[in-house]
Every structure is written in C-alpha cells, then in structure tokens.
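In what follows, a structure is listed as structure tokens, so that the remarks can point back to it.
Going by the order they are written in, the chains are A, B, C, D and E; count residues from 1 in each one.
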Amino acid sequence: MSSADLTSERDLPPERETSVRGDIAPARDGPRDTGMDDASLHRWLARTWRTPPGIIGALSSVDHKVIARRYLITAFLFLCLGGLNAVAMRIQLSGPQRGLIGPDLYNQLFTMHGVTMMFLFAVPIVQATGIYLVPLMVGTRNIAFPRLNAFGYWVYVSGGLFAWVSFALAMAPDVGWFAYVPLSGPEFSPGKRADVWAQMITYTEVSSLAVAVATIVTVLKQRAPGMSLDKIPLYVWALLVTSFVVVFAMPAVMITSTFLILDRLVGTHIFNPAEGGDALLFQHLFWFFGHPEVYIIFLPATGMVSSIIPAFARRPAFGHLGLVLSLIAVGFLSFGLWVHHMFATGLPKLGASFFTASSMLIAIPNGVQIFCWLATLWDGRPVIRTPLLFVFGFFFTFVIGGLTGVMLASVPLDLQVHDTYFVVAHFHYVLIGGSVFPLLGAAYFWFPKITGRMMSERLGRWHFWLAMIGFNAAFFPMHIVGLWGMPRRVYTYPAELDWGNINLFISAGAVLFFLSFVLFAFNLVHGALRGTPAGDNPWDAGTLEWATSSPPPSYNFTRIPVVTNVEPLWAERGALPVASGLRVDARELIISTVAEAHPDIREKSATPSIWPLLAAIAVGATFLYSIFTPWAIIWGAAPIAVTLVGWFWPKGDPEDEE
Amino acid sequence: MRPVVALLLFASMALAACQREERDTRPQSALGSGEQPTPVTTLEPGGQRPSPTDNKAASFEANAFHLSEGKRLFGWFNCSGCHANGGGGMGPALMDEKWIYGSSMESIHATIRDGRPNGMPSFRDKIPDDQIWELAAFVRSLSGNAPSSAAPSRNDDMMVHPSENRMPDAATLGKSP
Amino acid sequence: MNQRPVLDISDLPTFGHGPRSPTWWGTLGFMALEGTGFALAAGAYLYLATLWPNWRLSAPVPNHWPGTIVTLLLIVSLVPNHILNGYAKRCAMGPVRIGMVVMSLLGLAPLVVRWFEFPALNIYWDTNAYGSMIWVLLGLHTTHLITDVGDTIVLTVLMFTHHGYSGRRFGDVGDNVFYWDFVVLTWIPIYLLIYWLPRLG
Amino acid sequence: MKRLASIAFATAIALFLQGCAGWQSALDPKGPAASELAWLIWFFTGLCAVVWVLVMAALAVPLLMRSRQHAEPLALDADADSRKLRVVTVAVGLTAVILVGLTLLSFFANRTLAAIGSDAALTIRVTGHQWWWEVRYEDATPSRVLTTANEIHIPAGEPVRLLLTSTDVIHSFWVPSLSGKLDLIPGRMNVLDIKADKPGVYRGQCAEFCGAQHANMGTFIIAEPRAKFDAWWNDQLQPAAAPTGGEAKAGENLFLKRPCVMCHKIGGTPAGGTVAPDLTHLASRQTLAAGTLTMSRGNLAAWIADPQGVKPGSHMPVVDLSGDELNAIVAYLEGLK
Amino acid sequence: MPAKNYASTRYSELAEINEGNVKNLQVAFTFSTGVNKGQEAAPLVVGNTMYIVTPFPNIVYALDLSKPGAPMKWKYEPNPEPAAQGVACCDVVNRGAAFADGRIFFNTLDGHTIALDATSGQPIWNAHIGNINIGETITMAPLVVKGNVLVGNSGGEMGVRGWVKALDAGDGHVVWTAYNTGPDKEVLIGPDFKPHYDMDKGKDLGVTTWPPEAWKIGGGNMWGWISYDPDLNLIFHGTGNPGPWNPDLRPGDNKWTSGIFAREPDTGAAKWFYQWSPHDLHDYDGINEQVLLDMNWQGKPRKVLVRPERNGYLYVLDRATGEVLSAKPYGPVNSSKGVDLKTGRLMENPDKLTGTGKVVRDICPTASGLKDWQPSAFSPKTGLLYIPHNNLCMDEEGVEVNYTAGTPYVGMNVRMIPGPGGNRGAFTAWDIAAEKPAWSLKENFPVWSGAVVTAGDVVFYGTMEGWFKAVSAKTGDLLWQFKTSSGIIGQPITYRGPDGHQYVAILSGVGGWAGAIVSGDLDPRDATAALGFVNAMKDLKNATTAGGTLYVFRLP
C-alpha cells in the first residue's frame, strides 16, 4: 500500500449506492472532477481506487503498481535463487574432477539456473517494470484488463513455486533449459522431471502473454490525450514492441512444451522420427520462440537505456524516430534468425548461409540504437550517477556480447564455438550486459518513484564497480576456455586439459559478482527504509511518471495529463495541462484513439476481485495434476470454468453496469 | 495463505514422488538381498503366508528411473527377442494378466534369475541382481501394474502398443494397437 | 505539479463498440496469439508432412463427412452472427437476446458433430505422428470451440438478467461475435489440413 | 574507466596467447578445417576488438570533453544534431559494410570447409551412445569392416569422411583442433570431413548435452602415417589375443561367465555384445570409459569395481566381484592388446 | 517322405477321388495327438501303418491302418529337453518323419535325430547334433538319400550358424557337415564348385562377405526342404536368412545365406550355389521346397528346378548349372524390382532398404515371405504348380541388437498388415510354362498348410480357420470342404489304404509362426509379438483354438 492510500476513513466520501436498473438509460452521472479542489479530489479518488483492506483485499488487488511490486520482488527472489544455483555450479567447476556435486544434481542445477533466469526472472522482471511504468508513462490510471494482470502474477508465482518445489524434491528438470528431445522425451527422461519443465513453461508463459496483451492495449488505447504515436516515450515503445514479440513468440514455446508433454504422457509421436515425427522439429519450434526471447529480454532494457540517458544527458534522445524504427525492426528481424542456434545440426548449407545473413542483419538496427545513444551522450556533459554508470556498464559489456554474437552468426565459426563456454560467455554478456545492467540502472533510476526514497549513491557506485569487475572476471575468461575446447553443461572436466586455473579464476569472479548482488539487496532494503525522501522528480526527468507523487497514489494522477511533447515535463515546466470531466466515484479512465490519442470514451476499469487468484489456483492445480494424468485437463476444466465465470460475472458495481 | 496451501499440496505430492524420482545407480549395498519366498500359487496350507521382510522389491517397483532402466535392459538383454514388446513370441506374453509363475516382484525376479523349465533361461550370474530387479519391475509395468506416474512412456521407436504408463486406460479404451 | 485544465471530456460516451473499445483490442490480441499457436501447429504439421514421403504414413484416409458438416454449420452460423452484431451495435435488447440464443445453439450444433469427427479420423493419436498431428489440430480447435460456446452461453444467460442492460454488455456481445468469426475462420485451413491434405499423399 | 578497459584488454590478449597450447583447442589447429576456422576466429576477434575500441572511444568522448552541461534540456542545437546525424549515418553504413564483409567471409569459409573431404577415401561411421562412441570403419570388403570404440585412428594427411548418427539422444562430435562440431542425431546421418595435417593425438568431446555423463564422453583422434594406420587396422581385425597365464585364463572364463558377456564383445570368444564398447583390443587404447580414465591396471580395476563411482549414471552396472575375480578379469583385459 | 518323392512334387497318381465325387468325402477316422501346438507335419504312410510326429515333445505314433479305426500300434516318446521350447523361433513345430529301410527317422526340437524301428518303435540310434544353449533346434523333416539322413538346424533368429549334416542311416554317425557360412573348407566348397553367376565366385566368400566373425553367428540355417535328383546325383537345399535381421550389422552379401546349394549327397561337396536375396534385408529365408521337373523350357527340354521363393518370385532354375531361367512374382512384391537374369542378382527397391532407427513402411512381402515353408504341389497333368501362400505386407524398423549366445538375435521391429486386397492368404495355381498364374483363390488368413494334388485333378489344402478344402486342379472351383477342430497348418497327404481305397489325411492344429498367437497365447495388443506376425492375425483367436487332431477322409 502506498502512503497515498492511507487516508483516514473519516475523510472519505459516503459509500456509493448501487442501483438495479431495468433498462438502458443515459449514464447516470456521478460526481465529476471538473472544478473539484485537490483535497476532495484526492479523497474521492483514493476511496474509489483503493485496494480493499485485509488479506482478502490484498489478494484481490488489481492496482498495477501493487501487482508490479509483487512481480518485482518475486522476480528478484528468483534471481537470487538462480544466482545461488550458479554459485553452486561454479564451486563444483572451480577445479578439475571436483566431487562436490554429482552429475544428477549438477544437471538439475544448470537447468534450474537457465529456467529460473529466463522464465522466472528475466521475462517477468522486464514485464513487471512495464506493468509499473507503462500506465504511468502513458498517463492513465490503471493498466488495461487489471484483473487479467493480477491473474498473470498469480500464475507466474505458482509456476515458479512449482519448479522450485520440484527442485527441492530432487525432481527438477535436468535436461537443460531448452530440453532438447529425445533427451527430454519419453524414452530418455524417466520420471516427472521433464514434465515439470514442460508444464511450468507452458503456464508461466500464460502469464507473460496476459501481461503482453494488457500492455499492448494499455499503450494503444489508454494513452493520455495528445500522446500521438510520435510522442510515445521510447520506453513505452520498447514495451509495446516487446509485447508484440511476446504475442507472436511465446505461443511457439507453449506449443513446443505441449507437444513434449503429449509425447511423454499420452504417447503421441510428434518428435519420434520412427513414427513420422522429427527431433529437429522441437529445435525449430523452440528457437522460433527462443531467439525472440532474447529480444523480449533485451528490448525493454533498451527502453530503460533510452529513458536513463536523456535524463542524465539532459536532452531528449537523439534520433527518436530512428530509435523507434530500430525497435520495430529488431522486433521483426528477431523472428528470422532462429536457425543460427541449429547450425551444428547439419542443416543444408545454403539455408544456413541465409540465416547467417539474417543474423548479421539484426546487428544493424541494434547498431543504430547504440549510435543514437552515443550521439545523445555527446551533447554536453552527462550527469554521472549510478543509473548512468550502469548504462556505461551496459555499453562496455553489451557491445562485447553483440560482437561475439556476430561471430556466432557465422556458420563456420559457430561450428567451433557452439555449445561451448564461448557461447555461455556470449549470452551472459548479452543478457547480463544487455539487460541486467540496464535493469540495475533502472532500479536506481525508478526506485525513488516506487518507494519515494533514494538509494544510496555511494553504495550504488560500489555496487557498480563490484558488479563490473565480478561480471567480467567471471565471464570474459569463458570466451577463452570455450575456444580451448570446454563444452558447456559439463559437471566436471579432466585435469589434463589444463582448464583448472582459468576455471578457478572464473569461479572467483562469479562469487564476486554474486556478492555485488548482496550489496544491491542491502542497498534496496536500506534505501526503502532509510533512504532520503525523493520528491516527485528527483532526476528532473521529462516523462509523465515523474509528474505524480513518489510513490504514486493508487489512482496515479489526480487529473489525466494532456501531452504536448515527447518529454512533457520538460516542455510544460509551469503547469501541466490536464483533462477534466472524469467521474470520481467510479474507476473511470480515458480511452483514446490508437494513432492520435484523441479522447474517445470514458470507460470503467475493473474493481478488485479475488477471482483472478481463484482462477490461477484452478489453472495451477490443473497443470500440476496434468503431469500425472492427461485427464487432469478434463477434470480441471470445471473449476477453471467456474472461476472464470465468477471473474466475469458482474457484481453490481458501477464499473460493471451501464 | 496461498503459498501454504500450495506447499502442502506439493508436500503431499512429494511423499509419493520422492521415491519415484530417486536415481540410485548402485542400490545394492543399501538394500537387502530381496530374497523372498516366491510361491507361484496362492494355495498354501497353514492359513497364512509370511509377509515380505525387506523392501527391495518395493524400492524398485515404483521408481521411474529403475523402471526405465528395466525397459532399456529388456531390449539390451534380448528379452524382447522372445517376449517381443510384451506380446510374446517364443516366450509367453507379458502384458496380459496371465502369470504362469506368479506375478509378484519376487516371482518375476526368481524367474529371470533362475529360469523356468519350459524355455526360460537362467540369468543368474549373467545379470547383476539389481538389474534383475529393474527388469522385474519393468515386466510388471508392462501389464499396467506400476503406478502410471512412474511407468515408462513410449520409446522413440516404432509404435508397438500403448505405452506402459497408459496401459490400464488404454486397455479399457479397447483401442488399437 | 501544478495543473491547468485544458480539455473537458465529460461529454464522452461511456462505452464503445468494436475497435473503439479496449476489450475488442484485447480480443484481437488473444486472437493474434492463438492464431500464432494455430499457425505454428499447422506449420509443424506441414513440416512433418514434407519431411516424410507418403504422408499419412500408411494410415487410412480420414472420413471427411463429419468435418464437412461442421464446416458447413460454422459457415452458416456466420450469417446470424453478423445480424446479431448489427443489433448489438444498436443496443436492441430483444433481438440480441434471440440472437444470443440462436448463436448458443449454433455453437452447440457443431460441437455435437465434432464428437463424431475424432473417430472419423480413422487413426489414433498414438499410432504415428500423422495421427498425433491431426488429433492435436482437431483438439486445439475443439478447445477454442468449447471455450467460445461456453462463453456465448454465459453471455446469453447474462443478457437475460438485469446485468444485460448495459452498454458494456452489448460491447461484449460484439466482441463475442468477433471471436466467433475467428473460431470459424481458423477452422477452414485446419479442415483442409486434416481432411484434404492427407488425400494428396 | 579507460584504465580498466585497457587492463581487461591486455589480460584478454595474454590469456588468449596462453591458450594456444591445448590439445583440445580451437586455437591450436592441426588440420585444414580447424586452421581455416582459427584464422576466421582471429580475424573476427580482431575486427570486433577494433569495433569495440571505437565504440568505447566514442563513449569516452563526452566523459573526457568536460563540456558544459545542458541547462535547458529542450534547447537543442540543430546544427550539432545534423552533424551527429551524419556521423551516425556513416557509422551505420560502416556497420552494414562490415557485416556484409563478414557474411561473405563466412560464406567462403564454409565453401572451403565443404571442399576438404570431397576426395575422402576412408569412411568411418561414428555412432553416439550414452556415453561412448561406436566407431565403424567402412570398407568395400565387408570382412575388413572394423568396429571399435571411443578412439578413432586416421591416416594423417588424408581427408576422412565421418558419418555421424546416434541410437539414443543427440550428441555432437567435436575435435576442436581438427574441425568444427556436428551433431549426431538419431534417425539422421550427418557427414563431417576431417583431416589431420600431422600425426598426433587430438582430443575431442561430446558437445551437445546428452544426459548424466555428458561430461565424460571424450574421444581421441589418433592420426598416424598411412603405413602405421594400415598396420593398426589389420591388427584390430584380428581376434583377441588368447589369454596367457593362469590368472588371465581365469579372467577370460569369468568374463564369459559373468555379466560382462551380456554387453561387450571380444572377438574370437563367444562374447558378442554390441550395446557397450567392443573390448577386443581394449588394452591397445589409451583411455577407458570414453576418455574418463587413462589406461592402466589400477584404473581398469577401479572402473570395473565401481563404475558408478567413476561415472555415476553410466550404463555400466556394479557387478559383484571378489578381489580375486576382479584381479583375474583385469589381468585378462590387460592382455587384449 | 513328406514331399512324396525326391522331386518334391506332392502329386499322387491316385484318382479314385476325383472332381466329381470329392463332394462325398467323409471322415474315416480321427486321432488326437494330445499335443495342442502347431501341427506342421505330414503323416507318413508306409504299408499298413501311418506314422505321425507331433510338435514338441515330438511323440511318434504308429497307427495300424489295417484295423477299423486305426488303433495305435506303438508310440515313442523321446522326451526332449523342455528348455528347447525357449529357443524355438515361431512355435515348437515338427515337419515330419522320413522312412527308409524299415526305419523311421525324425528330429526332435532339442537337436536330436532319432532312428526308430518302424515295426516296433524301438530306438535304434539317437544322434545329438544340435546345442540348444546356443539356440540350435531342429524342426525339419529329414530326408534319406543314399543311406544318408540329411538334417539341418534351425535358429536363424538366435545367431546360430547354419549347417546341413548327413548322418549315416545305419548308426547315426555324422558322415559330413556342410556349414552355410564361413570358410570354403567348412562349407564344403571345393574344386567342383561351379556357380553360374560371378557374384558367387571367389575364395572364402562365406567369410569375406561378412564383417569380421559375423559369419560365426550369421544364420543361414537349413530348416526346410531338400530335393534330390538321382540322375545328376545332386541334392538341392536352400539356406536360411542371415542373422541378425537388421542388415546394418552385417554389411556385405552374407554368403551363403538366403540361397540354394546343389551338393553331392555322398560327400556334401557343393556343386553350385545361387543366392536368392544377397544381403537379405527382410528375413527372406531361402529354405522353401524345390520342385524338380524335366520339362520343355522355351522349346528345349531342360532339367529345371522350380521354386516359389520367399522373396516373392517364382524361380525356374536350370538345376544342373544354377542358371536362373525365369523369375516372376507370384503375388504382390515391392521389396525388390525383379531379378536381373544376366547377373542373377535381385534388384532391391531402394525405397525399402531397412536399417537402424528407420521405419520402412509397407514392405511386401513380409518376413514370412510371399510363401513360407508351406510346400506347394505340382501336377504333371495340368502343368500347374499349386502354391499355398500369404498376402501380407509389413513395417520394419532396425533396432540396436546385442548378441548373447542362446538368446534371440534379431534387431528388427516388425509389424505385419494384410496385403493389397485385404485377404491375408491366397492359393495360387501357377502355370510354369506360361510364367503366369492360372487361377488364384483368396483366403482370409494366410494359407499356412501344404498342398497335395492328385491324378483325380483335385487339390487339397487347409486354412487357418480349420477348413480342409478340395478344389478343382483345373479351375480352382471349390468342390468340398470340411471344418476341422482347429486351424490347419499341416501337410495333407493322400494314400491308398489297405482296403485299396484312396484316403486323404491331414493334421489339424493351429500354430507355427502364423498361428503362434493362438498356440502361444500371445497378446494381440503388441504389434511386434511373434516377430510382428501377431499384428496381422489379431482376429485368429476368435476364429480358432489350439488343437492337434488327425483327420482321415475317404469316399463312402
């Protein structure tokens, strides 16, 4: 609960009455915000938009900020768990023939590490940031389909629990995060381990898809009046493109995991070459998702970079249009290069060369982005604060990752480095350098908005240098050991290959990198409890989220801003132009037109409801049960249907009527 | 509240699942010999039959890893040459409900280890004891006697019959093949 | 921050129909992702079909008649569907109620015939990959059919309660019409893939 | 910042150079394919390093220039922006040119690689198993078809064609100092041509995760002069050496009596198992258990006594053997030169 | 001998039963063998006595035909090793006994050849020649030629090396042994060996056409029929399939499997060889009967050998040289594209090449062949060869296989399905001279019984439902049928009884490979049961049950 919600009950306006109506009539008017003074406006809106009290109330919340905070914290916890996996693996690998962890556990460790980082940390955290920021940045009061959004969170968290409880029971997937058949298939993965992978994927992706749809509709239909397409902030553009990529990529992995579980559970032959299936089909389907996945994680990070750089370079991003077009281009191109993960499978040479070209091609829009950011930074003297430091860290590492990506795109070169530590190094440079560093920067950048307090700058700088050194010490030598012939996913290696020392160095770096996150966690907690109060706009940034209080009230804005510039707060230094006329006794928000963002409809946003949670429990139980018997889908359909009907059935709120 | 419920759910599942998922590749030392009286008839004077004294059979019977190892060995040791994929050939069918020499794990183990007079060879000394238990567990699963959550699924081979983990269901559906 | 009101929106309507409403866009989003799912499943099917000579893998040809009947029923249902859409736009409660009942029945009818489609495939899902894929395709579409029919029936009931007297509900009826179009249109390629492609091989 | 970058870069170079000495290293090419690839790696690395340094320099500019901060964020200098636009355009153009160049380069490198084995006279079928390699030398005369395991002898200086397939899961054949990797996929047959310039032993390893013992699935390519290779082949075609000495004879007996015979083959004896490595000339190999242990009496004993301790999860079961029995079997296997 | 004569024509000069009166046939007597397994044997009638060999446990009965109801004269129980049942591929059948010089010779499943005194049933000698611990069994009917009892072993599915032995009829000692794989010395290939085709020429082909040592476990068994031509002084016998079935494990032509040898009966020395299916891909054993005819072949009189082969072709060979004169498919064949008469080589269909990890669909004929062991009959009156055969196709997948002595060594998943038309069996009359079928009858189940044709122009055969049928030798019209107690897979005979009348006898009792689903009580849910045959015979359990009864018919 944000402090803005802590209004005393006495100050609240009277409970509204509900009415039963017999026919369609012109909408009954409630009180409007037109001409209302700020104090009573606040009282009305706080009453209307509050999250109900009590545990049930908290579980019923549909406030995008509440959900997003939960998402962020959960994803951060999963990051820590995944990081612990990594540390455990690095300890085992710190010397040759180390007997600390056997293959059975090690294989679960790296699979859980990959699954956790990709599906439980990276995607959820970028989407969660979007859930928090997008409605604020486009100037609306809540995300579109808030109940779907809440449902998404519950599904996500139970999916994560599902995977991790399995791990605790030593039945975690042990087939790698991309779980190639036939290894993950019915014959070579006995037990439920691969089933856990398949169902957990299918259903955490349900949450990603829900969030993506909500984000798209929020951006397209709920933008503040005047925020035409050319005035949408770059971060919002990034989230929009990402959400589209999610919509078209995630079904692929759901199809893949569903095919897998069908093969395993009911004996279909989709991946069985002996009966007309094909093992490579799995790889095609998986990477059709898997490569865009990288951009799903990376594009929001570019949005963060595009937000942080202007704030600290003290000017709008250079080449706004170019950046937007690059985002869109990357989104499109990301679907055209999945095959470069499969060069070593022996595909026809000509086809492989085509994918070399397309993989190289995507470097161009990414290059455009990099150059535009650099050009932005060239203007004057940037203010160097922790967020910007992490952006520098992003440049330093991501460019390496991008360039090694160019190496991987080359078919012949890939044949040497594919599935080695070189690749491990590459994608950690891309994912950590390209996404985690911007995320850390974003954490420092938006922390004051979320909590109302600043994080420590001093600790932040320590954190940055520790992370930079630890990261590069851990991952740079992996390039080398990969070229020396060390394959990935080995739980040990022979002493005579002389990989011992360099691995020890890597492990030390990994521990250092992990410690940097301990420092970060401390800084987070410390900042939230003891940080200096931040004020509305501590960085003097230009986008709309800084126009409201920190932390924002449950209703986000007392009145909906009217946007005149891509950086509205810089353009309207005196007073923010706003729209008036919304009801204050109902959760009204403005629906605008897609391109020009002309206000079009005053529509009601959904009220808090426990049903999304119940639906998520029904869905979760169904999925859990379904790894044991396919009949679970039949039996589970009934509770799911009941909870969905409960969810959509109107309760007599004004939001539902009229 | 909700995590607690979920945890309880998982925990209850865990109790059953743990044993199914364990992958002990050298259980020999940890368990007894598995020697049990292995009568092949239910007819026994004296009213009561002694109950098993150690858990060897049980620890193999419902364990997914051992079942799948048994399936692999069933092919490797040419069991499938005589018994096909359970339907029989030179040897009797194993996937039906008929057990000439008894259906208990101990009986099947004894059959594999010591052979039977009408053609079943003795694999004593030829197959390590644990592997015989794995084979016995798999053989039992062929006719749907293992929990479907542990029984193997189809192989990446020609479709020969509904997989073991669907056996009882598939049989009641009366479907081919 | 100080505010200066520059725009009064109090006269805006409180609901919109079709693309004006966010629900419509949400529906479109779900269609996009489900459509992608269909496309990928169909793609996987075609991938396997081109990979192996003599697709159908010696299985018998499916009996297309139940599928053809379903196709005809679905196409016929488009007519009342769009008539219903027109009434929903005009917020005409009486005709909308009749239309919803008709659409519920027209949704149930293909579902009943669909029951006979599975045996008419003449192959089981675990016989070979061809069987697996056509069961998956048919199952995938059946799931959509069931959920949309369920949705239609719930909405029909809703329209007969006092909750029906709401602009928003008429918008929902419109979106339901929209989604039904999707269910019908995705069926056509799947129908061709299941019943007619195997006849070529 | 700059200092850090330069230190990191220097360390990187130093580490790279040190790496050239490995015997399973892509940077230590011993064949035409690996040489071509090593060249490609160095070229790409060099070019990428240059690009990276340029980008970092561009990043350093605003940090070092110490110019004045923008007071008013929206007051932009249109001229400066249009200059920047030109620079960015040029940079993007340059990027495109480099990428086209690299694409062409990899295309031609690919063609070079494809040409290596076009005249291969020797065909070897390599079948991946969990977790060992079955190696079959094809020959027009069927009786010269030779099956062995884990170690692949090839004639030095001649292209050799490898047919790669698998009977269980996907594996990947990778001997970095000779060639790039290629997957072994059940139900498919991939073709990889390799050539070793000089005699030598080149280690390789499975590069696609294949289950519990993926880490211990090594292989050795042993390149020899043609004459030596032919002699080796003829040698390997012979049935196993008859055991000499009482202990070895007892060992043979035990081998045939105990579970060993169920999976392994020893030519010249009734042991004909094919699901595990052929042991006919076991002692002539350099390692045991697919590169896990070096060949020695002690390791042999350790491996037979507790395979699940050495290679947990492997398909070699623990066989109950007394000390004497173990010694006898080891004595017998040791004699299988 | 079961095949009536050395030329294996299965033609009887008896004409009392003819097309006109065959419809009046009625049961003369029956006799239960007491063994409910597949009865593949032909009853043997010598003088007033009928001798029957049952499947395992290979009991020999002598029935006195001179008395009403044919009471038992004696019976002999060899008590073979029960364990032999575990290594007998495809049911524990026995294909009959042979008579010579007052002795009955027969084989037992556990690898013994036994000579009995025909009048008393007392054993004279008992030669143990097969070792069941390596999977050797004997199911064939011996043939006595010039004082030698010729016997071959079974076990092609167990990695058994095939051989033919000649045992001295007097004391049972082994006169010669000819292996069907391995070095020339052991195959008894000497200077006299003159194969007609180049592919069969060369030194030690039985070794060099195999991977090292594979010939030692390579099959090539002889469990079928031997014919003898006294004029040329040659015996002719086929050789079985190479092992294992999965061809990936045995690159090369795999000599001398799936072919035919002509040998001298006294020394066993090979005269010529022809390979029906080099590098056999589909278990096309070459052990079928060879009918020796002297006929006009394209205008010239030639000594030919007619052979309806398992791979689907009806071969006509010059039996003096081994030259293939004609090879025409007598049913649906797609596994090969014909026989190249110049090189003699079977032209394999590249689409149907089997191998590890690859399912090849719709291969016709199946592993059981277009025709398996069930012998055909030739009538010189009509010039037609009456072929009881199958009409099946199959899917095959080569799988990894592991050799362990005494256990199966197959390496192939097979699943059979009915062939084109849906009828699983057929009875075809083949016009040898015209190289085309004269007529063909469709049968629901494979026709797994032998045939006999008489001078009365009647052909007898049985079906697996249990019908014993008489059809017109000229037109194939069904003249008479009788439903026996079990499916028929035996060999019908006709003889003149002590009363001077013509009798027809058949053993009824389903089993064999095709009937294993009933005799072995196999589970039809497993498509690969009984090496895939069960898949094609799922409904046999509903059509018949196991049995073992002799039926003898005569006119009233």
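Keep in mind that, in the parts below, contacts are C-beta pairs under 8 Å (C-beta built on N, C-alpha and C of every residue); 3 or more make two chains touch, one makes a residue touch a chain.
Small disclaimer: the values here were computed from a predicted structure and weren't measured.
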Imagine chain D is simply missing while all the others stay put: what groups of chains do you get? one piece
Count the smallest number of chain-to-chain hops linking chain D with chain E, moving only between touching chains. 1
Chains joined by the largest number of C-beta pairs are A-D
Farthest chain (mean CA position) relative to chain A: E
Top of the farthest list for chain C, CA-centroid basis, is E
Taking each chain's centre as the mean position of its Cα atoms, how many Å separate chain B from chain E? 39
Here the gap between chain A and chain E, centre to centre from mean Cα coordinates and rounded to Å, is 72
Whole-Å gap between the CA centroids of chain C and chain D: 51
Whole-Å gap between the CA centroids of chain A and chain D: 37
Tell me, which residues of chain A touch at least two other chains? 104, 182, 187-188, 263, 266-267, 269, 272-275, 278
Residues of chain B engaged with two or more neighbouring chains: 23, 76-77, 126, 154, 156-159, 162-163, 166, 176-177
Listed in rising order, chain D residues that touch 2 or more other chains are 186-187, 261-263, 275, 312-313
By the document's touch rule, what are all the touching chain pairs in this structure? A-B, A-C, A-D, A-E, B-C, B-D, B-E, C-E, D-E
Spell out the part of chain B that touches chain C in their complex, as residue ranges. 154, 159, 162-163, 166, 175-177
Report the residues of chain E in contact with chain D in the complex, numbered from low to high. 159, 207-213, 217, 249-253, 356-358, 400-405
For the chain A and chain E complex, residues of the former touching the latter: 273-275
Contact residues on chain E for chain C in the complex? 351, 361-362, 395, 417
Considering the complex alone, what residue numbers of chain C touch chain B? 124, 126-128
